[in-house]
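Have a look at the structure below before the remarks.
When the chains are written out, they are named A, B, C and D in that same order, and each has its own residue count from 1.
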Amino acid sequence: MKDVELKMLERAKALLESGEVARVIGWKKGEFIYDPAPASFETVDELKDFVYNWFCGANLSKYLIQASKKEGKTAVFLKPCDTYSFNQLVKEHRVKRENIHVIAVECLGKFDVAKIKAQGVSSIVDVEVQNKEVKVKSFGGETVLNKPEILLTKCETCQKTHQVKDEEIILHDRPERDVNRFAEVEKLEAMTPDERFAFWREQLQKCIRCNACRNVCPACSCVKCVFDNPASGIAAKANDDKFEEQLFHIIRAFHVAGRCTDCGECSRVCPQNIPLHLLNRKFIKDIDGLYGEYQAGETDEGKTPLTSYTENDIEPTDAVNGEAK
Amino acid sequence: MTKEERIDNIKRISGTDVRKCMKCGKCSGRCPAFKEMDIKPHQFVTMLAKGKIDELLESKAIWNCFSCMACVERCPRGVAPAAVIEAVRDTVVRMQGKNGLKAEEIPPIVDELIPQQLLVSAYRKYNK
Amino acid sequence: MQDVTTEKKEFTPNIVAFCCNWCSYAGADLAGSSRLSYPANVKIIRVPCSCRVNPTFVLKAFQQGADGVILCGCHPGDCHYVTGNYYTRRRMALLFNFLNYMGIEKERTRVEWVSAAEGQKFSAVMNDFVKTVTELGENKRLTDLRVKEGE
Amino acid sequence: MQRIGVFICWCGSNIAATVDVKKVAETIKNEPGVVYSENYQYMCSENGQQLIKQAIKEHNLTGIVVGACSPRMHEATFRKAAEEAGLNPYMVEIANIREHCSWIHKDMDEATEKAVILVRTAIAKVKLNAPLQAGESPVIKRALVIGGGIAGIQAALDIADAGFEVDIVEKNATIGGRMAQLDKTFPTLDCSACILTPKMVDCAQHEKIDILSYSEVEEVKGFVGNFNVKIRRKARYVDETKCTGCKICMEKCPSKKGLNTFNMGLNPRPAIHIPFAQAIPNVAVIDPEQCIKLKTGKCGICQKFCGVGAIDYEQKDTFIDREYGAIVVATGFKPIALDNFNEYGYSDNKDVITSLELERLMNAAGPTDGVLLRPSDGKHPKVITFIQCVGSRDTSGCGKPYCSKICCMYTAKHAMLIREKYPDTEVHVFYIDVRTPGKNYDEFYRRAVEQYGVDYIKGMVGKVYNENGKLMVQGSNLIDNEQITIESDLVVLATAIEPEPSVRKVATLLTASIDTNNFLTESHAKLRPVESPTAGVYLAGVCQGPKDIPETVSQASACAAKVIGLLAKDKLKTNPCVAMADENMCNGCSQCANVCAYGAITYVEKEFRLGGGKTEVRRVASVNPAVCQGCGACTVTCPSGAMDLKGFSSKQIMSEVEAICKM
């Protein structure tokens, strides 16, 4: 991972020094190794804080909405999953493709520090990875963990590849993987309606309406959100009843339906650990099942499933009955 | 059972809505047993609709019907005159109390001249 | 405050029907002029096209105490706005599936295509929908309890 | 503060019978915002509207709600009344307490309670109404007529005589339609060609009329006043401008085995042909399925003999794009297929024919040059039996549930003409009811019975079977309560008629509503019988329902009157309830443009002040109010709710939902 970071640093310096770009968007060191934060570097010496390690899970494409409006070009490091969101933002004219210099950066999966801590390791200093083995160095010494167990949820089922790039920094190829990302969704669908209702009641009542999911989601980047627009009739700042907990997440999932690239950021940032990706994946599974395979963000133009139709789509009643287990 | 109840009972057994008949006469036009019948198929439907079941119950026609279902096949309004005739016949047989024809009685009287149709029709008529 | 503990008032569901102005609203009018009755607790809101119905309206109806929401539109291919009902069909198929995924009974929501000449069908659909929702009982899973107890 | 007036109509007893109108008006009085609440027997009457105008002036109302019949009936009436009293017409809302309440509920309390809720819902909406101004859009002064039969011809002539340009698009090689195939017409026994062909010639010679024969409508865009239509000119393989109609090619063409569709397939015709003598345009057409040259590349005889070199085997379909202000649909009808009616033996007996085939047999230009001969052996039929209602009035699923309306009259016509021309022929007619309403119709039918001795039998035919060369027609005679069998030489079936199948495609193109029998639905069965609910589309002839020639012609002229009324205007009021984007909230993500069926949404780059002197250029949607039809698809696709629909805004509908759910 260090070799990739070095190469990225080199490229960032070169791009800034040559003036080809006005800024580079990447990650900067946080307090610890496991909390790097997205950052914009305008000058070479700012780059001393630059970092790219196993904890850089954030999807940087959303920051490009503002960046592409600024003067001069912006370079950005995009992991494979981020590139789908980037394409989707270009398709929706939120990001001007010509203002962005995309550097496709290698990603072999990112770690979830909560999962490492859950295995009893604390005060992590460094991490070394040898394909499936992860050596975690901490004050208490060194422990070896199994990589698949500490991956971010979104990385567990990741089969994504870079969809767009102006240049790339890929030093190790990633093993092919065949995994059913809808397993969880199918498990839920297999439940009875009462069990499903109980499951989601239990999850959604944890929602504190902090809007972290909305603020991080590339597809959820309206100039003014419908929940902040009094003319919409559903404007609200807090969930002061169980209905509004459901309403917020149903409408958010519906708005991103057909546009959500399944980048998993919503679940990653949710402070209450609500598996929000299971909501979006349900829409994705239904769209694939009812209207044909569709992966948002594979291209940067054309219509989405909810803004297109065929003369003989399935009738809603059959869709629901067909689906209901 | 009052007369009204019997009328409704016959209507229910026939399983057909006699008011849908538009009096076109196609059923009678097609009925092979028309000549022997004292009350014709189209009359059955109209008289049942009007509730005049006494004549129907005493009629000879309920026994002449072959149950060949040509009238049901042809009716443009989806009415089933044969079912009405059969319903009246069932009522008469049930009113007699005994079950006219038992299955085991058939083999001895069967010979190769009897058309299959007649056998089925006889069984329908007398075994209730 | 309605006393819930005593013998429950025989449950009559509250149904909101969104009808498109060109076909199903005209179908409802024809059902009216042909005196084809359906339960009084079905109330119709006129929208220019079934594609005007936003999922937020459907959810708002449930929040305000509706027990069933039905959308009526023109038969696909006959839409006055050419493609309106094609989008409705996709949106509602996905929304209903999603509500069902969240445990909301799938019988509470329905889409029916009723043309201006189908008064008979409109009345039959409404009677059937009210019967289905009545058997299902009151909507307890997607509603704002304050609204029910409050006003 | 809102000052809302509510007017509850009795509609005579239609509403008052099951809704306590006084109680409704009383309860509504204490609704917040309501300053005036009245009930009256007939709100739509002159003094009903006077009541509204007075109330608006006296109580200076800011909005009114009328609890009455469906808005589809009198919304325009009440809007006009409000406008005359100085109130913006779009500050009016209708609560449908008749069709959706009084007429379908029997219990007084239940209906009254529902009426109150419906009125309350309308009040909730009117409180959020904004005054709207109808926009304007130009009218293109040209009409399109789809279908060149008598309906299309009559409509085109009337419109053209008013000075407007008209295009007739006819899918066959010649105009004339079904009427051209008839021999005589009831009730006057005029020869059909004699009264039709002069009108066809008028069309051809009228400088305002452009006949596009052998063509079909391919695409329709736009809306009333601004239709943009793409028309496909099918390849004739003959140059219309050169062909003189000399018919040498027809004589020389070796491929003669084709079925003459004009004569209902009763006689053959060559691959290259002119459908009938008086065809307009009098130009040949080649049937590609039958032409040896087009199928195998050999032959080409017609090209050799053509004096003017009009034959062109390379001709391809061409497309033309034209703009129209109004469209008349006159696509006509055809007899139904008789596959479900083998009890009449149509498919296995040549001498069991449909009435349209009889028209051709009796027509001088027909396959037998007007001499009525049996198709099987060409002999004179001595006994002819007619069977009425074949496939009509049939709810069993085999045929059509409706009465085809014209068969009783044309069967009486056929019977009369046969008895007059061949007095020694016996004519029987099996009928269920003879339906000959209107002027001179019943008298016409009675002449067949009383003067020409046609035997009308009240009863229906159960079976037609062939017995040693004779057609045995077995049926019931209900008057004599007998079953009779008539030995006939010829059996004529009065077959049900159905709209031309291609009308379904036309309906989809025009977004005109159509019913399950493929008849186009009129805007209002009694009050607007020749207009489709889709503005700018008019219906003439059997495409709207079974009818005879006199009715078709009057409907065609009615359509023409409507079209002339429309084209006479320079500007058309456009629907103000159109979409509108709030620029401050718009993401410029073009999801809305993706779902707009009319292409009414475009994008502009605009500068927005961010405060602190900084500005930002953003791409925002802008709706063209003249093109937008107000369907609302974009308002739901727009995640942020920036796109909203005037007259049916999200807030209005939300308030309606809230009011309607309140117990």
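What we mean here is this: contacts are C-beta pairs under 8 Å (C-beta built on N, C-alpha and C of every residue); 3 or more make two chains touch, one makes a residue touch a chain.
Just so it is clear, the model here is predicted, and its values are computed rather than measured.
Visitor: With contacts counted as defined, which of the two, C-D or A-C, has more C-beta pairs across the interface?
Guide: C-D
Visitor: Please identify the chain with the largest separation between its CA centroid and the CA centroid of chain C.
Guide: The chain lying farthest from chain C is B.
Visitor: Rounded to a whole Å, what is the gap between the Cα centroids of chain C and chain D?
Guide: Result: the chain centres lie 31 Å from each other.
Visitor: Take the average of all CA coordinates in chain A, do the same for chain C, and state the distance between these two points in whole angstrom.
Guide: About 37 Å separates the centre of chain A from that of chain C.
Visitor: If you average the CA atoms of chain B and of chain D, how far apart do the two points sit, in angstrom?
Guide: For chain B versus chain D, the centre distance works out to 46 Å.
Visitor: So what's the Cα centroid distance for chain A and chain D, whole Å?
Guide: Between these chains, centre-to-centre, one finds 54 Å.
Visitor: Any chance you could list the residues of chain D touching two or more other chains?
Guide: Where chain D meets two or more other chains at a single residue, that happens at 595, 637, 650, 654.
Visitor: In chain A, what residues contact two or more other chains?
Guide: Residues 226, 232-234, 306-307 of chain A each touch two or more of the other chains.
Visitor: For each chain, which other chains does it touch, given as pairs?
Guide: A-C, A-D, B-D, C-D
Visitor: Can you list the residues on chain D that touch chain B in the complex?
Guide: Within the complex, chain D touches chain B at residues 343, 389, 393-399, 432, 458-463, 474-478, 481, 483.
Visitor: Okay, in this complex, where on chain D does chain C touch?
Guide: 70-72, 96, 98-101, 103-107, 110-111, 113-114, 117-118, 121, 507-508, 511, 513-516, 521, 533-534, 577, 595, 597, 629-633, 635-637, 645, 648, 650, 653-654, 656-658, 660-663
Visitor: Which stretch or stretches of chain C touch chain D in the complex?
Guide: Result: residues 14, 16, 21-23, 25-26, 28-29, 31-33, 35-38, 40-41, 43-49, 51-57, 60-61, 64-66, 74, 77-84, 87, 91, 115-117, 123, 147, 151 of chain C touch chain D.
Visitor: So in the complex, the part of chain A that touches chain C is made up of which residues?
Guide: Touching chain C from chain A are residues 188-189, 193-201, 226, 232-234, 241-244, 246-247, 250-251, 253-254, 257, 279, 282-283, 286-287, 290-291, 305-307, 309-311, 313-317, 319-321, 323-324.
Visitor: Which of the residues in chain D end up touching chain A in this complex?
Guide: It comes out as residues 582, 584-591, 594-595, 603, 616-619, 637, 639-642, 644, 649-651, 654-655.
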